[in-house]
Amino acid sequence: MHVTAGPWAAAVYLTVVVILAVFADILSPRDPLAIDPNNILASPSAENLLGTDELGRDLLARIIHGGRVSLEVAVSAIVLASAIGIPLGIGIAFSGRRVETFAMRVIDVFVSLPEIFVAIVILGFAGGGLTTLIGTIGILFFPQFARVAYGMARSIRAREHVLCAVSLGAGTAWIIRKEILPNMMSVIAVQASFTLSFAMLMEAGLSFLGLGVPPPTPSWGQMIGGLKNYIFINAWPVVVPSVVLFAAVLSVNVLGDWLQDRLNPELRR
Amino acid sequence: MRNAGDVVLSARRLVTTFDTPSGRLRAVDGLDLHLRLGEVVCLVGESGSGKSVTGLSLMGLIDPPGHVTCDEFWFDGHDLTTLPESEMERLRGRRIAMIFQEPLSALNPSRRVGDQIAEVLRIHGLASRAEATRRAVELLGRVGIDDAQLRARSYPHQLSGGQRQRVTIAIACIGSPRLIIADEPTTALDVTVQTQILDLLTEMQTSLGSALLFITHDLGIVAELADRVVVLYAGQVVEEAAVEDLYRTPGHPYTVGLLASVPDVDAPRKRGVALAAIPGTVPNLLEVGTGCRFRERCDRAHDRCGAEPPMITLSEGHRVRCWLYAGR
Amino acid sequence: MLGRPLKVVRAVDGVDISVRPGSTLALVGESGSGKSTLGRCVARLDTPTGGTVHFSGKDVLAAHGAALGQFRREVQTIFQDPFSSLNPRRTIGDAIGDGPTIHGLMPKDAIRDLVQQLLTRVGLRPDHADRYPHEFSGGQRQRIAIARALALAPKFIIADEAVSSLDVSIRAQILNLLLDIQAERGLSFLFISHDLGVVRHVADDVAIMQAGKIVERGPVDQIFTDPREAYTKALLHAVPRATLGRRHRDGVVARTSMSTTRPIS
């Protein structure tokens, strides 16, 4: 299989980010919370490789620890969204026609809600924090998984191998487990990779607005939100987390695209 | 047999290869083909024989990773081996027309069929904008569509399969092609509709005086339609003959087996007697070595079949690629 | 907004068929004639809005629980498209063993043995059990589908255009296999097909369907040699013969009478 430079670069970048995030405690050069009032908003130096923020905290350390939060939130939210969405979608596909029409209308309403607005409302009432953030983003994204799972389940269900299983006497549980699920996993994987980048952006956006993880725990969005105020004093510190976030989202999208081409036989040349 | 006209297409050693991850696949391997005006030639083969690829190669419609080479390729006085693509585009659809198995995919689903025909008329400069619509309706009538005026305003999905194939035949015949290539045009149709479409095709071909290369797997259609038959197996021509010779004295064991495998509608069932069948399956084109490609399935295979069999002329126009006839 | 009324199309309308034990009834018709829908109703894969289906004296449509399980074991369907009738993500050994597994008929080892026996019976190798469907050709896949149907030792097989997508030389192999197995096991067949040549070779009785209704039925030789209905005659006439007896090119005039029978299209 020929892989072009884009997916390679994306994979390498994400691998580095993931390794740094997972082993942040060991790999981080400094304490991300250590304040140094004598060295604020500094550009890169031998001491602070990526410079410092408004409280003199080391940016590299905060990026590494912030990546951990960003990834944790995004990945957990996707796991939550698919854990609700996939069974729901398949369940709807196997329910009667009336339930099906009704349930899909409800799902459509959910999908069409303005996400960031709903998130602000929920987090406004429930308050920020890791768990609420994950829960909120997970709930915002589960309808998309439900829709994809529903569509796939319906189309696979019409294939002759499913009819074959029915005529052999297979029950619904068997059909879902052996015939439907294995054949929809590739599409779900693609959906998950695209949703992951949305979730990362959503986390960043909410943290930017101060609705995410409470300080002093760093996250990329929260860092951007804080440092933007000092852009005219020194632009460097705000650029660092922005570029890191941008590259991460781009990489996830590039890999998602690659995965889609690779898994979708209709797009395969 | 009708008098054969001038040679309109002549291809020598046509080779079409596809580069696949597991190696180079020779889908068509050294095909010689000569078509005369007014003649119906049937290209017969099963799946994997290379019959459809041959049609596309002749149309110049093979895209990478496919690649076509040909020692000699003349069409209607043009040397197609040296002809630039822009010239080829002018020939295609006008002097050579192709009709496909699935008319629904050959037509634009979002445009009325009348408009589609009118557009082709204008592209070929055969009608002015004002005239084109009227001519389109006329053409629909000519290919046997009732209520042509009304039908011209239909979208492809509103027509039946047979009507859609009539529309593609109308479009194919607009440029008065010298050669019509029809790739299984009736396979997707019901048998009663098939008869009508075959009638229409031959009628159009006769009135245009063009050559018809009819690609099919159906030996019944071949018997009814062909003047000459070319039998393909695994990318090679194994037999070529006038239709009478092929059905009366088939030479290649594959042709013999193929003819025997067709269940006869007119003969009563013989209980306990198995239908004649050819054992085995078509070889993987990536794995064929030298020698006869049919030998694994052949009941008359012999040691010498491991060497490339020669093409032997049995009688005028009847050629067979088989060792059985060597040294006669 | 919710639940628009469905447009009701009578795909099959007041049809009456019966298959004698050990014999083959061929259901012949063009696309849209309702022959496949009828086949699915008989297999209880679709539910008809009215009518009854009896199998071995029992009402199939009313069956549930153990009775339905019994029916699923005794009646099997072989479908047309050998490419979509096998799950691409499961090995063919698993696919063939599905029936016995679902019904909990035998332990794993015994299923494994059965799968190998069946593979041999349909002309494949026992070691093929661990491969995936994409490694097989259309003809081989149809052999796998047959093995799968046989795994439950059924009494009745519905073959829905089971050989229509196969090449001529392969089609004959598969037909021979089906006929051999029928003779061996005394199976009854409902053979759904549009191919009259094949039907003549396999059927004992024939029913001709058009627009959801059966227009003619009878013993195979009577239908082919002495058809009563105009539609049957038209169908028989339209089949291209692989012999030189009726040359189209010389006989365009002789057949134009056919092309004017428009209503059929």
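Order of writing sets the chain letters: A, B and C. Residues in each chain are counted from 1.
Everything below uses one rule, namely that contacts are C-beta pairs under 8 Å (C-beta built on N, C-alpha and C of every residue); 3 or more make two chains touch, one makes a residue touch a chain.
What you are looking at is a predicted structure, and each value in this text was computed from that prediction instead of being measured.
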item: Topology of the chain contact graph, where touching chains are joined (line, ring, star, complete, other); value: line
item: Chain separated most widely from chain C, comparing mean CA positions; value: A
item: Contact pairs, highest-scoring chain pair; value: B-C
item: Whole-Å separation of chain centres (CA-atom averages), chain A against chain C; value: 49
item: Chain B-chain C separation of Cα centroids, rounded to whole Å; value: 30
item: Distance from the mean Cα position of chain B to that of chain A, given in whole angstrom; value: 53
item: Complex interface listing, chain A residues touching chain C; value: 97-98, 101-102, 105, 159-161, 163-171, 174, 178-179, 182-183
item: Touch list for chain C against partner chain A, complex; value: 1-3, 40, 43, 45, 68-69, 72-73, 75-77, 79-81, 84-90, 98-99, 102-103, 145, 148, 152
item: Contact footprint of chain C on chain B as seen in their complex; value: 2, 40, 46-47, 144, 146, 160, 162-163, 190-196, 198-200, 202-203, 217-225, 227, 243-244, 247-248, 257-259, 261-269, 272, 274-279, 281-282
item: Residue ranges of chain C touching chain B (in the complex, touch as defined); value: 30-31, 137-140, 167-173, 175-176, 179-180, 183, 194, 196-198, 200-203, 220-221, 224, 234-236, 238-244, 246-249, 252, 255-256, 258-259, 261-262, 264-265
